[in-house]
Every structure is written in C-alpha cells, then in structure tokens.
Amino acid sequence: MVHETAFPIRTFHTDSFGHVNNAKYLELLEEARWQYAEDNGLMKLLTRDNLGFIIIDMRLRFRDEVVEGDRIVVSTQLLTLGSGSGEVEQLVRKDGQRKIALKSLFHFILVDRETRTPAAIEGDIRELLLGVIAKKS
Amino acid sequence: MVHETAFPIRTFHTDSFGHVNNAKYLELLEEARWQYAEDNGLMKLLTRDNLGFIIIDMRLRFRDEVVEGDRIVVSTQLLTLGSGSGEVEQLVRKDGQRKIALKSLFHFILVDRETRTPAAIEGDIRELLLGVIAKKS
Amino acid sequence: MVHETAFPIRTFHTDSFGHVNNAKYLELLEEARWQYAEDNGLMKLLTRDNLGFIIIDMRLRFRDEVVEGDRIVVSTQLLTLGSGSGEVEQLVRKDGQRKIALKSLFHFILVDRETRTPAAIEGDIRELLLGVIAKKS
Amino acid sequence: MVHETAFPIRTFHTDSFGHVNNAKYLELLEEARWQYAEDNGLMKLLTRDNLGFIIIDMRLRFRDEVVEGDRIVVSTQLLTLGSGSGEVEQLVRKDGQRKIALKSLFHFILVDRETRTPAAIEGDIRELLLGVIAKKS
C-alpha cells in the first residue's frame, strides 16, 4: 500500500537558495509519515500502548529542486519489517510529474515512550504493518 | 544589564522572500535568551529546581529586513519583574548599526516543569533577576 | 468571512516542555494564512503581480497550552484594510472547544517582490480583500 | 583538517520524544558547515563568486539520543573532492565523550547561484579545499 500526501510549497519552506531546505524537507516527510499512520490505523495503536517509532538511519537523495509555488506529492510505503525495526521509503514528485524529485529511505525502530527502550513489533501492530507492507511482485 | 548575542544569518534562516522568516527569528531570539540565562547564572538555578520560563505574550515589530550574510546583534534585557512573571525586551540591530531592525517584548511566567503549574519567582532566583533588571535612570 | 484550517499536532511541533513551541506556532499560523489566500483567490492575484504580504508587527497571547495529539483549528480573518497595509486576526482553539488557546494579530504591508518596496493595495486585490473583510455588526 | 563546533541543546531543539528532532539536527549540522566555511576562508570566496554548495545526497545514522541540556560537538571534515562535487563527513559527540552520537555524510555539488547550474570546483576554491581535505594516513 502506497500512501500519498500532497503539500503546497510556501515561502517559509524555502531558503534563500530559493528551494526547499533539507531541514524543512524532513518535516514534510515526517508529517506524511504521520498521516500514513493515521490513515492506516497505526497511530491509534501506538497511542494506546504509548509506543513510538524513532528513526535510526536515513538516506535522502535530492534529484530535482522543489521551489515556492510547487505542489509536491509524497508517496510513503513500508518496505521491510523486522522483529523490532523496519524501513519506510518516501518518494517525492512534483504534482503531475513522473520524475522523482527526492528519494529517501528511513530505518526505524519501535520504542516504549515511557522507558525509552526498544520494543518488539508484535501483536496487532505487527499484523497491521504486515497488511500494509509493499508486496513483492 | 543588557546582554548581547551575535548571530550570522545563513541561507537556512531566510525564506524565499530573501529575509529572515518570522519563525526562524523567534528561534534566534530564544537562543539569545538562553545564552543570557546561562551567562548570568539563571540557567543553573532553573535546572536545580526543575523550573522553566514560558512565554504567555509576545509582541514583535519588524522595522528593517535582515538578509543572508547579515550579522545581527540581539540585545536582551529584563525590563519588569512581578511575583510570578516578568517582561524581557529584545532589540535586534545589524552589526555596527544603531538602527533597530526588530523590537520585541516577551511577557513570561515561571512554571514548575513537573507539575506544569505557575510558580512564584522567589528566593535566589528573584535575587538574581533583581540584580540584572534594567535600572531606571 | 472567517476561514478555518485544522492541524493535528505532532511530536515535531512540540518541544521538550511538551507544548507547541512559539516558532512552530508561527509556521502553522502562516500556513493557515496561505490556505486562506488560496481559498479566497488572493494567491492567484499575488502570483500574477509578483506581490507578497510581509508582516511588520505581530502580537500573540498564549492562553492555553497545545500539546502533541491535540487537533487545533485556526480561524483567520481580515480585520482592517488601509491603503497599503492591513490587520489579520488569527484565533486558535482546540478542536471542539470554545476556549481560545491563542489570540494573535498580524499587521502586514503589501510589497513588490521584484523591487522589494511597498505597494498600494488597489485594483482587484483591494476589491477581493474588501469582500472578505470582517463585517462590523 | 577537522573543524569542531559546539552547540548547547535547548528545549526548542528537542521534540516531545525529548530528543533532538531530525529536522533540527540538520540545521545544527548546516550551521557547523557554515562555520567551517567561514573559518577556513571558503565563505569569502563563495560570496565573491556568487557560488553555493548544495546537498544532493545525505546519510545520517543516529546512534545515541541527544537531549535538552546536552552539549554537542560537531566534527566536520571534507573527505573527498571531485571536479564538481565532494563529500563532507560530520560526526556528533556529546561533550567529553568519545562515543559517536551521530554519523553523517553529505554529498555536495557547487552551483552558480545566479544561473542555478552546476559549476566546476576550480581555481583558488579548489586549492583551498585540497588544503583542508582529510589526509589519508
């Protein structure tokens, strides 16, 4: 299941190079991941169990500049799932274009927000994630 | 006592209007207030008592644009002190200029970070603040 | 005409005090103003004429903390309009509550983005703004 | 040549997980790269020629959480240099610790800020960068 979130790019997303700054990009990608988690029901389970996903590794390749006035579509997809971690891919395209403006991969772990220690991805959370993970063709 | 903090303005501080964005400005002003609290010893007392200052009202007047490559000097000064609140003025000038680029006033209260409730400004914290408050001429 | 924009509050909107940080708040309010300008047709006119609104004065009063998991509704309304400037009020409520969490007023001017000089608010831009300004009761 | 920049971590650098948010991290790393470019004289040459470095790929591995009150030291080092691109490594340690809290690699290209097209890294800019590049042992 690929989730799509659209964002209009405003002046405050861009820096004096005229393009979306790296740091702002990460916020837009994080917001898209949250919307993904809301839409597929994950957020409710995380809140119920006081769990959270934390990024431990990320790689971003900027292929095309995104500027003020652009409208971007972020495609978010769970690629792999381990016992306590997983990988989410996020691709950014300008609205109506096939060309990828940004390709990114986020490696996450699940943590208990109370104890701040890693937690196993199990039970209904695991079930839900297995249901949305990218199917191998 | 007026405290001064200098910041070089980078591309990531500015937006596609080419000037420092309001939101970024607030972070620079907050950083200047923290440095003020570090330099006058206040930070140590706040950490000891798990207290924090929270802004409840702020007013900012932008008189001159600040752009990439500028170096700004933030002058921070405690103006008034009540039993549980106070006012800090922050003025921004471009390095070497007398003209004020930004005039701002922050009204704060002291809160207990554990209970998240207002706390009285008393004891050695009060003493310290009375020592640094702007003297009436 | 009052325009409403809703935002879910994420971890990245909040700081280690656990509430929405001032700087992040300004970005949410700015995004709400942009959506207002998109929805009422103003954005198209500004882009056509390469004009932009710049904030010259703002006042914010924080009455209630907004924390992760809250959903806020920003009400944006044009209050006054002068020959080259105006005032926009933005109120924030938590979803479903009448209590105001944040009250703010932004004083703006219109500028030519090419020459970076003030511009008169006239023609169809003026007409549009007069159509959406808050009616006195 | 390894360049070091220290930052105290404030409440506004951290999110409601209590640690430095990814997006804020990128701003601190970018500020460290700017200070590096100022200290070694690169900034002056870039400004003279209206050139800028743009990140086209970045990888970050978060090994240890950084929280409010920490003081971090960012070590910045040019690792490789090509005809129009290069790689900068940035390591973050908590003050006084040897353990690496964050390991990152930024791949950059040089661009002409006027034409927004890639530029060759040549002349005195190339000379300067060859002088600061990490020596192979």
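So that you can tell them apart, the chains are marked A, B, C and D in the order they are listed, and the count of residues begins at 1 in each.
Note that a residue touches a chain if its C-beta (ideal position, glycine included) is under 8 Å from a C-beta of that chain, and two chains touch if they have at least 3 such contacts.
Quick caveat, the model's predicted, so the values are computed rather than measured.
Asks: Starting from the Cα centroid of chain A, hunt down the chain whose centroid lies farthest away.
Replies: If we average the C-alpha coordinates per chain, B ends up farthest from chain A.
Asks: Using the touch rule from the top, work out which pair, A-B or B-C, shares more C-beta pairs.
Replies: If we tally the C-beta pairs in contact for A-B and B-C, the bigger total goes to B-C.
Asks: Between chain B and chain D, what is the separation of their C-alpha centroids in Å?
Replies: Distance between chain centres: 28 Å.
Asks: Roughly how far is chain B from chain C, centre to centre by C-alpha average, rounded to an integer in Å?
Replies: 24
Asks: Using mean C-alpha positions as chain centres, tell me how far chain A is from chain B in Å, no decimals.
Replies: Centres of chain A and chain B (C-alpha means) sit 35 Å apart.
Asks: Where in chain C do residues touch two or more other chains at once?
Replies: Within chain C, the residues that touch at least two other chains are 11-12, 17-18, 23, 27, 30, 52.
Asks: Residue numbers of chain C touching chain D in their complex, please.
Replies: Result: residues 11-18, 21, 23, 67-68 of chain C touch chain D.
Asks: Per the contact definition, I'd like the list of chain A residues that touch chain D in the complex.
Replies: The contact residues of chain A facing chain D are 17-18, 22-24, 26-27, 30, 52, 54-63, 65, 113, 116.
Asks: Enumerate the contact residues on chain D facing chain B in the complex.
Replies: Within the complex, chain D touches chain B at residues 8, 10-12, 27, 30-31, 34, 38, 47, 52, 69.
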